[in-house]
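Each of the next two complexes has chain A plus one more chain, namely chain B in the first and chain C in the second.
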Partner chain A sequence: MDPKKKTVGFVPDHDIGTADLPSPGSSNNNSAVNSPKSALSNTPDLSNSAAATSNIASPATTTAPRSISATGARSSYEPMKSSYEEQWGLTDRGSSSSSKAHKPASPRDGPGFPSKDQQGNQGGNKKDKSKRNSTISSTGGKEKTSGLGIQSNVVNASSTDGSQSGGLNPAGSSSAGGPPPAGGAGKAGGQRPSAPSQKSMTKAERNELQQRQKAEKAARLAAGLPASRAKAAQVLAQPNSGFSPNPSKSLATSFPGAEAEKAIAAAESTSQAKKRERLTKEMGLFAHLDPPKFANTASAPKDLHPAVVNVGLQMAQFKICGANARCVATLSAFRKAIQDYQTPPNTTLSRNMLTYLSPHISYLVSCRPMAVSMGNAIRYLKYEIGKNIEVPDEDARALFLEKIDNFIRDRITMADQVITSLGLQKIQDGDVILTYARSSVVQGLLLAAHEKGIKFKVIVVDSRPRFEGKQLLRALASAGIPCTYVLLTAIGHVMREVSKVILGAHSLLSNGALYSRAGTAVVAMSAHERKIPVIVCCETYKFSERVQLDSFVQNEIGNPDELVNDHNNNYGHSSTRCHDSVHGSGTGTGASAAKSGVLSGWKESRDLKLLNLLYDLTPSEFVTIVITEVGLIPCTSVPVILREFL
Partner chain B sequence: MAGDFDVVATYKSLLYNSPELSMPVAAIQSLVELIKHSKATTMSEFMLSIKDASQQLKSSVRNSISLSAGCDLFLRFVTRNSHDVADFETWKKTLIVRGQSFVEKADACRYKIADLGVPFIKDGSVVLIHAHSRVVSLLLQKAAENHKRFKVFVTESSQTHGGIRSAKVLRAAGIPTTIILDAAVGYVIDKVDMVLVGAEGVVENGGLINQIGSYQMAIVAKAANKPFYAVAESYKFVRLFPLNQYDLPTYNADTLSFQELNVDYDPKINEDGTISAGSTSSTASPSKALSQTALHMKTSEDRASQGSNPLVDYTPPNYITLLFTDLGVLTPSGVSDELIKLYL
Partner chain C sequence: MPYRKRVPEFQAIIMAGYGNGLYPLTEESNMPKALLPVVNQPMISYQLAWLEDSGVTDVIVVSLNSGSKKLGHYLDRVYEGQLHITMEVVDDNTGTADALALIKDKIKTDFIVISCDLLTALIPHQFLDMHRSEDPSVTALFFEPTKSEGGPSGSSKVKEVTQFVGIDASNSQLVYLNNSDDMDSDEFSLRISLLDKHPVMNISRLLQDAHLYVFKRWVIDVIAEVSNKRTMASIKEHVLPLLVKSQHQRALADREGVTKGRATVEAANPSTQKLALKLSTTQRLVDEDAVDGEWKSPITCKAFVLSKDVYCGRANTIPNYFEINRHYTKITDKVRNPGATNQVQTQVGGDSLIGDDTKIGDRSSVKKSTIGSHVLIGKSVKIVNSIIMDHSIIEDNVKIEGCIICSGSKVCEKSALKDCEVGGGFRVEKETVARNEQLVDFQEQ
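After this line comes the complex of A and B, so read on.
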C-alpha cells in the first residue's frame, strides 16, 4: 500500500498541516480503494520491527491524541460544542498524547473499549505509545510512523496472542485498563508523526477529526471488517478475502500494521467501538446526563464478586429492567457477596463491609445509572451496616443477610401483596383498565383481580424502543384476561373507552410527581384530560426526597441506536429488550442498514442526533391516587409518608 | 354480642331527642352506651361486639358516610387503647369516660371551627351556602354576633328542604338571607364573594362528601373564581379514597338508573304549610323531618325516585380552597397529612 495513502487515511483528522493529508475525506477516499475500513487501520506495510525503536519519536507529529478513534476521512460535520465534550476532553488537544488519550477515553469507554481510531490509539495506549512512537519515527513520515506504531503494537499483540482475548496484551490491556484507547494496538494512533499538534487545531477541527475517525471506524465495522484499522486493512489487502468494500463507507485506507490491529481488535468488542463512536452525538440540552454506558466483563475491576458483576452486566444489557427487578437482583447479589466475604486481617466484617461494598456499588453505577429503588435499598443496607459496627463477625454476617432478606420481604414482596389487596378495592366489574409498558406491581394486581373473578378488560399501551408491554400482554393474555395492545401513538383513540388507568412507578418524588418510564406522562395527561382516574401503584421504598419539575434535569439516556433499527428492536425478540451487543451492533446495524436505511446513517449525518430517554416526569396533578402498602394516599402526601415512616 | 341492647334504636332515639347532635357523634354515643351495657367478659368478645354494632349502625342508615367516620374513629380509638389493659372492667370504665368526653368535645368542635372561620367573613360580603349544615349556621351566627355585616344566599335543596331550615335559623340571627333555586347557583355566583358548605365526610385526599349539589357549586365557584370553603369537624375525616363520583360506598347500581317514577307522586303539605317530602314515616314532627335525619331520606322514602337519586356527592380536592376544621384551617392536602398522622 502506498504509505502515503496509509498515513493519509490513518491520520486524516489532525494532520491538517500534513501534506499527506490533503483533506481527511479525500485521503480516505483515496485509501478507500485499498481498504474501505472506516477507522484508520494500520496497514501491514509498516514493518513492525520498526516499531521497536524510538518511543516518543513523533510526539510532535502526534497531535493531541483523540480519545475517540479517528473515524477516518469521512466527511466531517461541525460537531456540537458542548461542555460535555470539553469536560471529557473530547476536544482538547492534550499535552501528551497518551495522557490525553487516556483522559477522554475513560469516562465514556468501558473497559475493553475497542481501539479508538488512530487518534485514540495514539494517546490511549500508554504501553503502545512507546512502540508506536518508535514505529512512527522509524517510518519517518508522520502518518507512516503512526502506522508503524500500530504495527509495532500489532507485533506485540500477535506475540501475546494468547492474552489478547483477555485484553491483556499491550493493546488489549489498555482496553482492560479502560481509559487508554485500548482498541487494537493499531489504534494507538497515538502519535501521528505527521499530524500537527492538536493544539494547533481549532476545536472544530479537532471535533471533525474525531468524528471522521469515528465514522471511519463505524464504516469499517459496518462493512464487516474488524474494528481496528490495521486489521481491516489486512482483510482488505488480502486478495481472496472476498471482502467487498461497502462503497458508502469509504473511509480510512489501509494502514501499516493492519495485521497487528486485527489481532488486537479481535480482543475488543466491536460493538463497544461502535457505541463509543456514537457517543459524540450529544445533545446540548442533555449534556449534563451521563451518556449510555456499555459494560463488559473486561471492564470490571478484578476483585468484584462475580454475582455483582453478573447483575451489572445484565442490567447494562437490559436483561434485568424494572425498578423492583433491579433492586432485588442487586440485593441478592450483595447478599451473595456478603455471604462469601472473607474478612481481611486486622479488621472486622462490619467495619470493612462498607469499604468492601463500595467498589461493587460503583461498578453497578458504571453499568447503568442507579435506580432510586436500588439507591434506597443500598442506603438502608449501609445504614444497617453502620449501625451494627460493633457486632462480632459471625453474627454480623448473619445479621446483614437477615436485614437484606427482611428488606426484600417487607418492602417489596409483602408490600406488593398489600398493594394488590388495596388495589382490588378499586377494580370493579366492567372496568376497562389501561396500563403502560410493564410494571411488576400492576401485573400482579391485574392477575389477582382476574383471579378474584372480577370481569374487566385491559388495554396495554406500549412504545419503542423497548416494547416492554409485550411481556405484560403475554402474561395477562395467558391468564385469560381480555386484552388490547396498542402503541402510544394510539393513546388518544383508545382513551375514550377507558375507565381507569393503572400505572407503575420508578419512583415518586417529594413534590408528588411520578418518575416513570418515558411515555407515562403522556398517558396520564390523556387520562386526566378525560377525567379518567389515574392510579399509581408504588411501594414506599421507591419514594424519593428529590423534587423534580421536568423530565430534563434528571433522566437516563439510553443507547441511541435502539431508535435506529426496527428489525433489531422489535422483531421476534423476547419482550425484554435485547441489547445491540447481543447481536453485535456493528453487524446487526450493518446488516440491516441495507434493509432499513432510514436512520442507519445517522451518525454520519451532520445535523442528526438521536435521543433515547428512558424516563419522564408526570406532574402530580395528573395522578389521582397512589396505592402504597401504607394505604391509599394522594400523591402530594409522599413527603408525609417519608416523614412519618421512613 | 350484647343481645338486649339495640344499638340502632339507641342511636335513633338519641338523634330524635337532640336535633343538634350530629350523626357521627350520636353513633359514638350509642357505642358508648353499648359498652356500658356490654356483657362481654373477654377483650376479643368485646371488640367483636363493638365492630358488630358499628356494622349494624352503618347498614341501618341510607347515607352512612359521616356515621361511618364516627364509628371508625371510635373503633380506632378503642383498638389503640386496647393493648395495655390490666383489668378488663376498669378498662371498660376508662373507655366509657373517654367516650363521653369525646362526645362533649365533639360538640365544642363546632364552636372552635366557628371561631376559625369568622375572620373569613368580611364586612359587606355575600356568602352562598348549601342546604342546611349546623356548623355553617353556627359559623354565620358567630360572625353576626361579631357585628359583621353580610348577606347570605342559600340553595333551597328541594328534596330535603334544608335551605328553608337554614334560612329560618339565619334570619332569626338577623342575617339577611335569600333562598335561591338549586338551579340558580350559576346565576348568582357572580354576586357572591365566597361559597361555604358543610360536610358529611372528608376523604383521604382532602375531597369532600356532602349533600348532593355541593359538587355542582364547587365547579361553578371554580369557574367563577370564587373561593370554595368547606367546614368539617375532624371526626368526619373518613378513610375513603374515591376515584370519582361513582366510587362512593353510597353508590349502588340503582343510583341514577332509569326507573319508572311513581305516577301519583305528589308532595305532601304539612300542617304549617311547609312542604315536607312525606312525613308519614317514623319521624313524627315536621321539625324532625327537617332535621339532620332528613339526610336519612326517611322523608322521601315514599318517593318513587327515592332509590335512584344520589343523596351525596363527592367534590375532588382541587375544587376546594380551604377546609375549616377543629385541627385548624387546612388545605386539602393537609387533610391527608392529618389523616395519616391519625390513622397510620
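After this line comes the complex of A and C, so read on.
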C-alpha cells in the first residue's frame, strides 16, 4: 500500500471528534487483532528489525519512536542501562505521541474509524501509554504488512468480541510460538492470559508485541476496511471511561480474576512500572514503592566526591545499615566533601554549597531510599547553609563543618548516652529483656547495664534475611551477658518469661506509630498481649512529621534474592550483586554451589513472586514508652516534642 | 589554587614495559609493546579508553627508555581522548615496583596500576566499586585465561608462570599467593594460622593475575621500601605477596614497615566512616578482635575474580597477543574492508579486518586475519590467521598462514610462511619457505 492510503486510516480520529486520548488508544486496539503478520514477527529480532525499517521507510513517523524501539531491543541484555533510557524514552514517547500521532491523519476513511475507537474503549483505553506507542510507528508498519492487510481486516470484522481479547493478549500467541489462527474466534476463546503472564514478559517481548500491534493496525488501515460499527456506539456511550491513570492498578494486579486487560493496561501505563516489573517481579500491593536498587557507580555523575560515592555503595550493600549509622555516614561524607570543596569563580561558598551538595544527595537516594534520620540531618544542614549565606568563605566552611560535628555529637552521640542513662533506670536485677534484631542504641544500653552490674538476661529475637541479631548476640555474649537467641517464629514461646521488651526505631511518626525493622510489630503486639511493657529507644532527630497508618503506604523493598539466597545469610550482610555474581562464577565450585537453592530459578517461574519488605509499622497502642534524650515520653507525644523542642 | 570541580578519586599508572614474551615484535625496528596494534589500534589505547570510562582523569604512563620516543609521540600527537596524560621515562631493567617508587612524589591519591598489555571487557565500575565499598589496602584483578582456539602458537613458547591463588570464599579476601616458580612441584604449604583464620578458601592454579591493581595511597611507601631492599622489584612478585602475607603475619608486617606506614597515614588522616561502621547494625564491633587478644592486621587485600564470560586477556606472549587480536577482530565494529569496491574476485572473510588505504590485488583471499593500513598485497595471495602490520608489502602468490608480519617488512613473491614472526623492516626473499621461524634482522648488540 502506498503511504497515502495508510494515512487514510488514521483520519477518522479527528472526524469523529472523540476526545484526543481515546483515539490513539483505539488505533492500537484495532491493530491488536492477531493477524497472520504477527506470526511472522514472532521472534523479537524480527519485529525489531521490522520496526527499524519501517521507521526509515516513512519519514512521517517521528524519530522518537525509533530510538525507543532501539532501546527496547537492547534492554534484554542490558537491564540497568536500558531501564533508564526507557524511562526517558517513554516520557519522550508519551509527549510526542499525543501531538504527532495525529498529524499524519488526514480525514478520509470515516466509516472505518469508529469501530476502532470502540474497541479501544472496551478493552484497551486503560492502556493509554502503550497504545500511544503503537500509534506512532503504525505508519511505518504498513509497508511490511500491506500484503496481509486484507486478511487481518477480515478477522477484525468477523469477530468483534473475539478480536478484542485476542488483541490484548498477543503475549499469549507469541509465547505459544505458533502462528495465530486466521480466524479471530479461536484466539479470542482460548487465550485470555492472566495478568501475571503479561507482567512476566520481558521488555523485549513487550516491545515485540507493540511492534506487532502496530504492524497489524497499519495493515488494516492500509486495506481501508471499516471495522464493526456496533462498537462505535458503545464508545460514544462511555467516553473517557478508562483514561485517567488507573488508581487501583495495584489492586487490579492482585486480583487476577478481575479484568485481565485492566491489569495489563495498568502494568504498562507507566515506564516506572515497566522497569520495576522487569527487574523484580513486584508484588501487587507494593507497586508504588521504589524497586530495590542495584546500586553501582556506573550511572553516578563523575564529579561526585569519592567519600560520598563510597558511602552510597556501602549503604546500598547494607554494609552501613541502621538509621544512626546511615545518618552519621552521610554527614561524615558530606563533611569531607565540604572540606575538599573549592568555590567556583564568581560565587561564594555558602551560596553555591546547596548546588554542590544536591547531586550528592540524589546519588545517595539512588543508592538506597533515604532514611528518615538522613532526611532530617540533611534538612538541618540545608537550613544552616541557607541561614549563613552571607558568611565569607573560610568562615562558612569552618562553620558548616562545626555544625555537622555538633549535629553528630548533640543529636546522636550524646543523645545515645542520655538515652542509655535514662534507660538504665528501667533495667533491674532479674529482668529478662527481649530485643529484636539489632539497634545501636539498645546494644549500648544493654552493655552499659551489664557494666553497671545489673544482673539480667537477654533474649535476642532475630529473623531472616539479614540476621542482624547475630551481631548483637555476639557483642552481648562476648561482654558476658547471658543470652538466648531465637528466631521470630519462636516469639510466642519465649515471650512467657520476658519482663521487658526493648526495641530500637527507624523513626517515630507523628501519630505515635513506630516505624522499624520488619518484625518489630509482631514482637510489640505479642508483648502487649501478655501485658509486658514495650520500651522503645529513639533519638529525637528520628522523629518524623509523617503520619502513616499501615506499612503499605511507605516502606522499602529489599532485594528479593536475599530470601532465596542462603549464601548471603551466613555472613550477616548481603554482599554486592555484582561481586556476588562475578565472584561466585569465578572462583567456581564452593561459592556457587552454596548459592543454588530450591528457589534459585524463581525469576523464570511465572507465578512466583517474592516480597522482601524491610520495615513495618507498630501502632502507638502497642508501645508503652519511648526513651528519648529529652526524657521518657509516651509515643503519642512525638508531635509535641516536634513542636515545642525542635 | 586553581579551581577544580572535582576531587580526584584515583590516579592511574599505566606500566608500559618492554614485552619480553613478544620478541621479536617489540624489537627497536618495530614498536614498543604499548603500541603493538590490536585491531589496528595501539594496545595502550584500550587501557586509556578503559580508564576514561572509569572516570579517572589523571594518568601517568611509565615507559622504559627504549620505546619512549615512539610512545611519547603517540600520546602527544595521536591520542585524542580526554585524559590528562603525563609520561615518565625510566631506565630499562627497572622493575615495576622500582618504577612506582621513582614516581612516588607524583602520586597524591589512591592509585590504579594497570599493565599496558591488559585487554578486558570488564566494566570499570564493577571492579572499582568493590574497592570503594570494601575499602581494602589493595584490590587485584584475577582472571581465568580462555583456552586458545589453536592456531599459531608462536615459535618462542614461553612457559606461563602459574601461581597458587587463595581466596577466602566468604568475603573475596586474597589470603594466599604463591608463585610456583619458587618450587616446581605441585605442592604448596599453608600456615596453620592462616587456615585458622580462613577455614574456607578456594585455592586455584588457573587464576592469573591480570596486572590491574588499585592501591591505597599509603601503599606507595611500602612499595618504595621494597624497592630499596631489592633490585628489579616487581609488584606482582614482591609487593603483592608481601601485602598478602602481612595480613596474617605480624612479625613480617612490622619488619617490613607495613604496619608503620599504615599507622602514620591513619593518624594523619583518620577514616571518616569509623563511627558509622561502629553504629551499623550489620557490622561487627570494631574492637572485638582486640578483646580476643588476637592481632588484627591493618591490611586487607581483596581479589576480584572475573567471571568466565567477561573477556580478559594479557597480550604478554605471542600466542596471547594472537588470541587477543583474533578475539577483538571478531567483535570489532569497524568497517571490515573499506576498499572492497575496487577488488576483483578477492575474498575477505567476515572475521578479518583490513585497514584503510590497504590495497589487495585480484584473486587474493584473506581469512581470520588482521591487516593494517597502507599495506600492499599482490595478486593471488592467501593470508590465513595472520596479523600484518602497517606499511608492509606482500607480493604476488605469497601464502601466509599463522604469521605475524611487523610493520615495514616485505615478503617477496611466491614465498610460503607458516607460523612465523617477521621482524620490523625485514625482507623475506622470494620463494622462501619457512615454518616456525623468527625472521629478524640480526643486530649487533
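Quick note on the criterion: the second predicted complex is superposed on the first by the 340 of 646 C-alpha atoms of A that agree within 3 Å, B and C clash if a C-alpha of one lies under 4 Å from a C-alpha of the other, contacts with A are read in each partner's own complex, and residues count from 1 in each chain.
Please note the rule applied: contacts are C-beta pairs under 8 Å (C-beta built on N, C-alpha and C of every residue); 3 or more make two chains touch, one makes a residue touch a chain.
For clarity, every value in this text was computed on a predicted model and none was experimentally measured.
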Tell me which partner A:508 touches in the superposition: chain B (first), chain C (second), both or neither. neither
Determine, under the contact definition given at the top, whether A:633 touches first (chain B), second (chain C), both, or neither. first
Should A:535 be classified as contacting the first partner (chain B), the second (chain C), both, or neither? first
Check the contacts made with chain A and report whether chain B or chain C touches more of its residues. C
Could you tell me if A:466 is touching chain B, chain C, both of them or neither one (first, second, both, neither)? second
Could you look at A:527 and tell me whether it touches chain B, chain C, both or neither (first, second, both, neither)? neither
Per the contact definition in the header, classify A:498: touching chain B only (first), chain C only (second), both, or neither. neither
For chain A, which residues lie in the overlap of the chain B contacts and the chain C contacts? none
Can you list the chain A residues touching chain C in their complex? 296-298, 302-307, 309-311, 313-314, 317-322, 324-326, 328-329, 332-333, 335-337, 340, 342-345, 408, 413, 437-440, 466, 468, 471-472, 474-475, 478, 570-573, 575-576, 578-579, 581-591
Can you tell me which positions in chain B touch chain A when the two form their complex? 204-206, 239, 241, 243-244, 247, 317-318, 333, 336-337, 340-341, 343-344
Touching chain B in the complex: which residues of chain A? 426, 500, 531, 533, 535, 621, 624-625, 630-634, 636-637, 640-641, 644-645
Name, in rising order, each residue of chain C that touches chain A in their complex. 1, 3-7, 9, 55, 123, 125-126, 128-130, 132-133, 135, 142-144, 167, 169-172, 200, 202, 204, 207, 272-273, 275-285, 288, 291, 304-310
